[in-house]
Amino acid sequence: MAATSLKRAGWRLKQPSVIPGFGLTLGFTIAYFSLIILVPLIALGLHSAGLGLVGFWAAATDARVLGALRVSFTTALFAAAVNVVFGTLIAWVLVRYRFPGRRIFDAIVDLPFALPTAVAGIALTAIYAPNGIIGQLVAPLGWRIAYTPVGIVIAMIFIGLPFVVRTIQPILEEVSREVEEASATLGANRLQTITRVLLPSLTPAILTGFALAFARGVGEYGSVIFIAGNIPFVSEIAPLLIVIRLEEFNYTGAAVIASVMLLISFALLFAINLIQAWSRRRYGYGA
Amino acid sequence: MDVRIAKVRKEFDRFPALHDVSLDIHSGELIALLGPSGSGKTTLLRLIAGLEMPTDGRIFFGDIDASEKTVQERNIGFVFQHYALFRHMTILENVSFGLKVRPRSSRPPAGEIRRRAMELLDLVQLSGLEKRYPNQLSGGQRQRVALARALAIEPGVLLLDEPFGALDAQVRRELRKWLREIHDRTGHTTVFVTHDQEEALELADRLCVMSQGKIEQVGTPDAVYDTPSSPFVFGFIGESSELPVTIGSNELLLDGRSVGLPASSGTSGPARLFFRPHDVELTDDDAALAGEVTASRRVGGTRRVEIEIGNNGQKVEIDLPFDHPAGQRSRISFRPRRWRLFDVKPQA
Amino acid sequence: MARNFRSPTDESQPVQLLLIGLSLTFMALFLVLPLWAVFTEALKEGLGVYIASLQTPDAQSAIRLTLLVAAIAVPLNVVFGVCASWAIAKFEFKGKAFLITLIDLPFSVSPVISGLVYVLLFGAGSVLGPWLKSFGIEVLFAVPGIVLATIFVTFPFVARELIPLMQDQGTGDEEAALSLGANGWQTFWRVTLPNIKWGLLYGVLLCNARAMGEFGAVAVVSGKIRGQTTTMPLQVEMLYNEYNGAAAFALASLLALLALVTLVLKSVLEWRFGDELAASGGRH
């Protein structure tokens, strides 16, 4: 008796519960996570840390590395921007309008999640190559899509789109018609209701979708390398440079690029969590 | 502003929600649309607002035919049941919204908008909370913001849809009193929808009782309570007991026996007798309603007694003082002090 | 009298049509067209070539390896997913929110990096690799490495499907079962599992699609030894780079079919058992 009351005052990992299996399941979860994710990531960190700060900095600011990072980030930024516009539009249309085939299109939004990236990569290349169905159309204008940064953006649009649509869709479904009606009764026209009431209330979801699509674009490999052209400083993305370094058996060089990318994606992940926490605290809904 | 509803009919996918409803709303009055769910009260409110369009009929604001006007043009203030506040805006921004979205030509300067919004927040007793977000307020506070927001555009008519429906009982009662005060101070023509008769009786100048897409009765709370015009109204407003009776030559008969109540006109045949449980007197007279007590329970300051009357085992309820000895007796005779007779329900 | 009234919460017909048209065009261009391209390119040289290219020993071995890898990685992640969601949903403990964030971590890691970490861990320059090799165990450029990389990238799929679902369901059912005398295992098998079966299936479906289709992570660890360590996506890449487009697209069309089947099953689950899936269903 005395022991339990003493225990109550002290630090305790978990609240008491009659349900069994806490130790087993949490133990397995942590062990499995450590083995599969944590230890390998630590190996990466140690490998980069072996260089020392100066060495790391020198390797990370190598011109080709910077060039690849620049290509990855700018193309991902463009793609995420396009996806925000069209993803919001698609989410709107899927939630608000009824038209034949809506269910099918709703299902197809998830195609980029399901289609292997290598398959997407060669398919997009086949379409946008100079002899492809769309490549042919723009070739007479002197435009090239495949084997240029534009091609990279297109591949990133493909793989990022569902992140935006699927983040906004549930939030949009929750927006009650009452709020729009309230706006109308106060004299706002439809455009004002959309720009001042609806879109701002979707902002956290749009930002989250943007960050998710952007993060995915930066790390993307399979769908991009076929269409990219892979010319250093122009269309060579950072993940490809990692692969090239590995093929040169330059493990440290690969580890450095990977560490930089990881730091940036963790920062993005952190930003997403901040957006959601902020939105929940202030507005009472997440994204 | 007067609002006149002239023979308005509304169908949703050919399902009739309102049948040729006509109603005159007087300038400055507080009128309640009262009815059970599905009675068409909210539909009528939304038609006045312009959130729906009538299938047939006209709606006049003053002398102007508003039927063709959009919701934006009607200049009404609408308060929604679930407040419908803009969650990403502060309280002040919510209240200012209606003025800020006006076209440049009729939009007051920013300072003026702010002044008016603050004034309204003061009116609804929310001064000091203008920088909060709706999420940070209680339900009652949110509803007051919703009202301030609706008042900010200086509406011709104020429309409230079950304004207290989502609040708990205590807050409801407070806000009810408070809404009456605001109305008396601002004098807006106000229409509010409720299914709560107590709320309607306490708050409204006039009631409009609705059922199944039709208006049953319009009148002051006293008139509606004391002289209900239909069995529905009698049953819906206040408590009622009902007995099937027969109209004899000059008096009412139950199972062929006189119940001691005179029958007015020359009509005869079966009828429905309605009375209020609290509006009865006990009697020793033979010509009375008499029966056996089947249940008795204390309700506040009175005793509610259930009595089985007549050959068909009809049960009615009457109220007695809680310590009245008759409450314990197995047989009671009584007569309603006030009652009404209605025709037997026509076969639907 | 029913004038051309438009509800204040609707756009006018032309605007609606314009927006629908824009969305569908965008989706047709970016989603449907690539899918269509896979099948037309695959069948470009006729059905005979298509079937023949799928029957080559290399293609057959790639298919077998892909199935093998998925058959190992998916069940392991299912066990993990069920354990993690049991611990997270049925108990209150310190650091729970952090654990949930950690489980999602692999989603924000580039697939190439997911492979790279195992190269660093088991590669020639590492401590672990040569030591294991002395026992005759090859991890890198062999099946174990491919399995590990696949587990890494598909790690969160089942767990993140089950966690919100089991959190929604609470602990009432389990407490009731326990109070009726069931033991822990009985409670899990007879009460919890039936409650989460559709959500679990949903997670497995997505996990499997990703496991069979993973490219970047596997490319880094496989060494791409033809007939031995090439999975289907890797084989597609090799054929494509050898300018054997028809064969590459033929194999790719099988993966595209898998994606389509996944989408159809996923939609059926959402449509039929939407209530029994997590509210966040479909977000990955």
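In this document, chain identifiers A, B and C correspond to the written order of the chains, with residue numbering beginning at 1 in each.
By definition in this document, a contact is a pair of C-beta atoms (placed from the backbone, for glycine too) under 8 Å apart; a residue touches a chain by one contact, two chains touch by 3 or more.
Here the structure is a predicted model, which is why all the values come from computation and not from measurement.
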Graph class of chain-chain contacts, one of line, ring, star, complete, other: complete
Nearest-to-centre chain - CA centroid comparison: A
Pair exhibiting more inter-chain C-beta contacts, B-C or A-C: A-C
Inter-chain centre distance, subunit A versus subunit B - centres from mean C-alpha coordinates, in Å: 53
Centre-to-centre distance between subunit C and subunit B (centres being mean Cα positions), rounded to whole Å: 57
Computed distance of Cα centres, subunit C from subunit A, in Å: 16
Subunit A: positions in contact with at least two other chains: 181, 184
Contacts with 2+ other chains: residues of subunit C: 8
Junction residues of subunit B, two or more chains touched: 51, 71-72
Complex contacts: residues of subunit C adjacent to subunit A: 8-9, 11, 16, 19-20, 22-24, 26-27, 30-35, 37-38, 41, 76, 79-80, 83-84, 86-87, 90-94, 99, 101-106, 108-113, 116-121, 123-126, 148, 151-152, 155, 171, 174-175, 178, 183-184, 187-188, 206, 209-210, 212-216, 219-220, 232-234, 236-237, 240, 245, 248-249, 252, 255-256, 258-260, 262-264, 266-267, 271, 279-280, 282-284
Complex interface listing, subunit B residues touching subunit A: 49, 51, 71-72, 75-78, 80-82, 84-89, 97-98, 101-102, 133-135, 146, 149-150, 152-153
Residue numbers on subunit B that touch subunit C, as the complex places them: 50-57, 68, 70-72
Touching residues on subunit C, where the partner in the complex is subunit B: 1-3, 5, 7-8
Partner subunit B, residues of subunit A touching it in the complex: 176, 178-179, 181-189, 192, 196-197, 200-201, 203, 282-285
